[in-house]
């Protein structure tokens, strides 16, 4: 029934830290440290976690914008890692990205029309009149109109820009769209417009999303399954209902309880975590969460827990051994 | 309860080559002693400018209105007198803990500076006070941290330092301009917790600026909703959440995806926030409002008390139709 | 910190080797024959040949370079073809003049530039800002040698206040230092202004004001210390500029400094002297920049060398 | 939406916004007009110069400014006004051609260095470091010594002398642009290197180069006149301003105008380009570190 | 710079008693290079060596040969041997005695090719051997009877070193010379100053000034100002444009003395069109020498009337080509030179007095007679290198200047105009001139010699390989309280007899 679109296997991305006279690599930032998951066709996989935990890096390595250090990314069975550049460029049509910053992701020197036509030009898809029509069509799809095509990105509000970004991503009829915090820079009232748009599009053209965000309520709203990341690893991956109703990992529990609820009558019990997220350049031994974990055991300090299935949810925690 | 801060009819405009930007366009705010007032609204609606104006720190020009703090007319004070209030009776924490601390001075120097200025502490005593404050905001190793520089701390710790700095002189009013927006949820929870604790301990009034309704619900006693330079709704927190009056407030609440309910589609307010200065007749929310009537496009409604303690600026709830004339002649 | 210095010093070496090769190639491409110049006008071809042999100029270039480098490693910059003195000695007798000139010029530049920059940054777009910036534009646009001549014309010829040339005592340095210092001070003024303006709009300055810090302290304590980084950088870079300016100033003011020596050496095709001077100047320049880098850590705690 | 609405809404490209910001800057406009004036004078030199700039007339040597010779005459009785007018051609040529040379090479090296990074970057930047280790004026001096005096050599020397600066600025500007998400977006769409470089990197990193070029024209004119002053620039009787100043130095006491006037000419031309560059910077990006 | 000893401080001198010898400050255009008289030939170095060293014979104020370390001399009848009787009781500055051995050691050093000294060929050309006849008698064997032999020995290069110093210092004598002269080199700060102190034991009596300081001041105007302000007592050279102003100052005077140097343009006679004598004459007519002297040199010079100047022995005026552009054009036309023919004119800058200016003016003159002149100014180092050989370097017209340093017609003409001359830059080759100059060199009878040279000068004028422009004047600025300063025609500034009041 569920067909895998992308399979990520043991994906790692380390950034070297250089030092010394010759700029030797002395250690690594383990931004992504061994991920295994599958994105199924037509679903939305949400990815949450605190800042710096490796969400964006995951998205970028999957799209081969960053060369993974290790691991495989299978797109419809084909490994994208190490694929020859020409072939990869062709495949890119199917894999697109919507960026977090609607201000930085559009070249300020191009008009909106040119921006949207750019992917068509790169892949030589359509010319002349046909191209103009396609641009107009894309603009309409994202709720803008063709007269916007002559204007520059800086003349648009954040929400509109994000729509332009989405139109660009859609131009090539992609299969997978990686959305890297597409709404976190937007105001609440605009955010819902964009989320609705993304959802509508998914329905209309069978898109698959990898949806990265740090706002749990947004992720919950849009995703089918959710992965929770902590320091470069997935600590819990589950169906959204399951995750919210019965979070297994202590970190997930704390995360869920930390969200302020817009209801003054509802006072809930908080788990307040101690300290900050440790640096991925120097992660704690064993379970990387153990220094902040209230249920930390001795084994947690030494041994990395693997991601295991517990009651239909995947958890990486020694509590469930 | 005593009125601590009373802002009346405040208008702060920016004058530039491109024209006038009425960033704050007639705002009334009252904050009582020990009370936490939330100010919500979309980006650019004038929240920060309002708060900065309260401390007379805005680069804009106050064209109208009055600000009274603790009985003093803020706008009429001499530079010397206003400096005596800043950081002493009225303190501020900002959104960006990363950039709000001076990178070239130690934490201790920066926290100590305020007490040196306002309480005539010696350097040594100021440092002791700094350590004390750091401990108060729950920073471990306070004795060491006091000699460290901002870049050596994480975002959450820096925001704690900011709070320590603001609280160093036991201010009566703490203005917090989106104090947790730049932080992660787990850290945000820590900071909010801390603020609540401090508030209880020191009876400090807080002006809490945020766009996160969750934070408002959790922290505030009273809420002021701003839209495009104006207050559109004001009420106590419970009544606002249970019974929002203004269509904008209603829309805002509905567009946040909830964590328990199960909605297929989010409610969304169409259109986008107006650019301040793009002068328009009528209610500034009218172009986005699904209940907009013809009058809405002609005149700006007044902020009226529609229920006890619940004020709203909307023709739907207006009892005083004469307001049309009033506003029209005022223009 | 120490290892950082070592690292930086080691990094200088390849640069200096590059410089030495570049200079060697450059100067040997300059047409001219030091032997002929040394022999004088009345000399016959035979005399010239004798001298050429004596100076070792009859050998192939790569051998000459080899000799040069071999000596260099021993710390020997060679012997001037013109004067037969060790090049290092020639340089060291002249360097104090250039150094004093440059230091005085830097002093003038910092004094005027910093002051003017602060003056105009504290009241941007006021008439005093406009005046200062216009003044600095003029300063940047004035040719050093012309300014020098005009200073001579006014202060030496008309007013008889200061000597027009030489390097005997302090008063001889005033005009040349002014000539080169003024244009650099204009550059510094502009940079100071823009750095202060940039810093003054940053959040932490607002924080300081919110604490009730006096406006003067906001500028001189909170802003200036942050603005100092680009200012220090430009002082380091200007050092090189000033060394270049010294070439002109020393010519205009007949000062016996390194700059003029370089020109004389070029004119005489005094290969070892040119190489020596350029290497020396390049080394000084690189060292000054190293010092500048180290100064960063004094003003900016974020800069750490380890 | 209708056509008319599209027309009504004047779109403002980054370029047109820059132009309007520039126009509001008084100093920049003065600079622009001064530069234009110099260019016009240079172009029309043949028609507006009252005398042949090289015609000698020993009868009127070293005359002070007068009605027939508004700027006076030099040691050969040549009309200084005419020489200044023709000199504008030369200074502009040296400035503009010199800077063009540095722009072409500097931007190419800087862009390659910044875009591809790695070993190539290190190599290019180390070579630039070597050039930068010379005080710039000495470098120019050395290059003219090698090439010999004369206009074209002067331009080449001036050109080479600014290459490292352009390479550096362009590299850092490219790197800044490389970090922008829209470059990543272009990569994600499958854009090839050349496409990204020419379509996105260069147009977005060129602003500092434009500003630097204008300012470097000023520097180039100053440097060239400095070299001429040392006798290593233009050939006499070419009316190069620096050379005029240098030869006039002999008569500083008896006929100060001979050296004062070319100096003023240099200053005002340099001033024009500096003001222009300043204005461009403020219009393009006031935070630009130039 | 070093802390200056009180002896070099000139400004404070005014208050001292009149009898006390004072310090003399001399500002010169450049710095001496090497104070080894046999290894330097430039005037500036020689000005200094003339203070430190004595020679066997020297020139007096008027350029006559007079005894110095030699009391008297005899020339053998065949003219191939000169014998000197030496002055007794003379000591070098290092207290070693002066004797015949010292003379021989000094000359053997320069005559040894392996020492590769600058003046090797100057002496080796005619000196065969130096013999010590006795403690105080020395004789020179010549390779052939050489007319100007004594003149050559009177040149700076004839200076006698202390043998001890030669032995001890080797090549270093150029930095620390020891002679038997009236002044001792005390201090040399390169680029800044040289200080010479009076030699109290000088055989000719203690000098009248306490010290002499040389300062290199390349800027012409700066030198003039130093003289005006009293920072310098003597300056050399003075630029012609400053002379009138300095003369107007009643504390100063300007010595105007004749010079053996002239300034000329050399035509490359080995190539067309300059291989045509008509062209060469035409160019001679084309140049307005009168104006050059009057305007550019403010009158401080003289239009050349022969290939060398009045102050050189053997001079006779053969007349200058008058300025006649019409005639020039006619001659050019006769030679078939079309108007607009391109020729090149090269000049150095800053080497000779007003060199570039004169050349620039000459360019104007040549253009006025219809030639298209491509003007090129070179920096001296380059210029020297590309103007050594008319065939190889293929120039058209170059500026040159020649100072017959021996003050004798032989050195003024032979190197330039004989076919094999060492400085024959025009590629001139004329059998008649060759014979006449060879004869002149070997003749000892002064009248015969004079006649021979007069004939040569006429031929040279007619053949016109050069355009002789002007004879230089030496301009020396001196404060009026200084006396006893004079110049030799070969541009040596003689300061050993200076008195400062």
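The first chain written gets the first letter, and so on, giving A, B, C, D and E; residue counts start at 1 in each chain.
The criterion applied here is as follows: a contact is a pair of C-beta atoms (placed from the backbone, for glycine too) under 8 Å apart; a residue touches a chain by one contact, two chains touch by 3 or more.
These numbers come from a predicted model, not from an experiment.
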Required steps from chain B to chain C (each step between touching chains, minimum): 1
Contacts common to chain D and chain E (chain labels): C
Chain centre separation (chain A, chain E; CA means) in Å: 88
Geometric centre distance via CA averages, chain D-chain B, whole Å: 51
Mean-CA-position distance for chain D and chain A (Å): 48
Inter-chain centre distance, chain C versus chain D - centres from mean C-alpha coordinates, in Å: 22
Multi-partner residues of chain C (each touching 2 or more other chains): 30-31, 157, 251, 266
Chain A-touching residues of chain B, taken from the complex the two chains share: 42-43, 154-157, 184-190, 192-193, 211-218, 237-238, 241-242, 251-253, 255-259, 263, 265-270, 272-273
Chain D residues within the chain C interface of the complex: 27, 126-127, 129-131, 133-138, 141-143, 145-146, 148, 218, 222, 225-226, 229-230, 242, 245-246, 249, 252-253, 256, 259-260, 263, 266-268, 270-271, 274-275, 278, 286-287, 289
Of all residues in chain C, those that touch chain E in their complex: 30-34, 36-47, 50-51, 53-54, 82-85, 89-90, 93-94, 96-97, 156-157, 160, 163-168, 251-254, 256, 260-261, 266-269
Residues of chain E touching chain C in the complex: 1, 4, 33-34, 40-42, 113, 116-118, 120-122, 171, 174-175, 189-192, 215-219, 221-222, 225-226, 229, 231, 379-382, 384-386, 388, 401-403, 405, 411, 415, 422-423
Chain A - residues contacting chain D, complex: 60, 63, 65, 88-90, 92-93, 95-97, 99-101, 104-109, 111, 118-119, 122-123, 145-147, 150-152, 154-155, 165, 168, 172
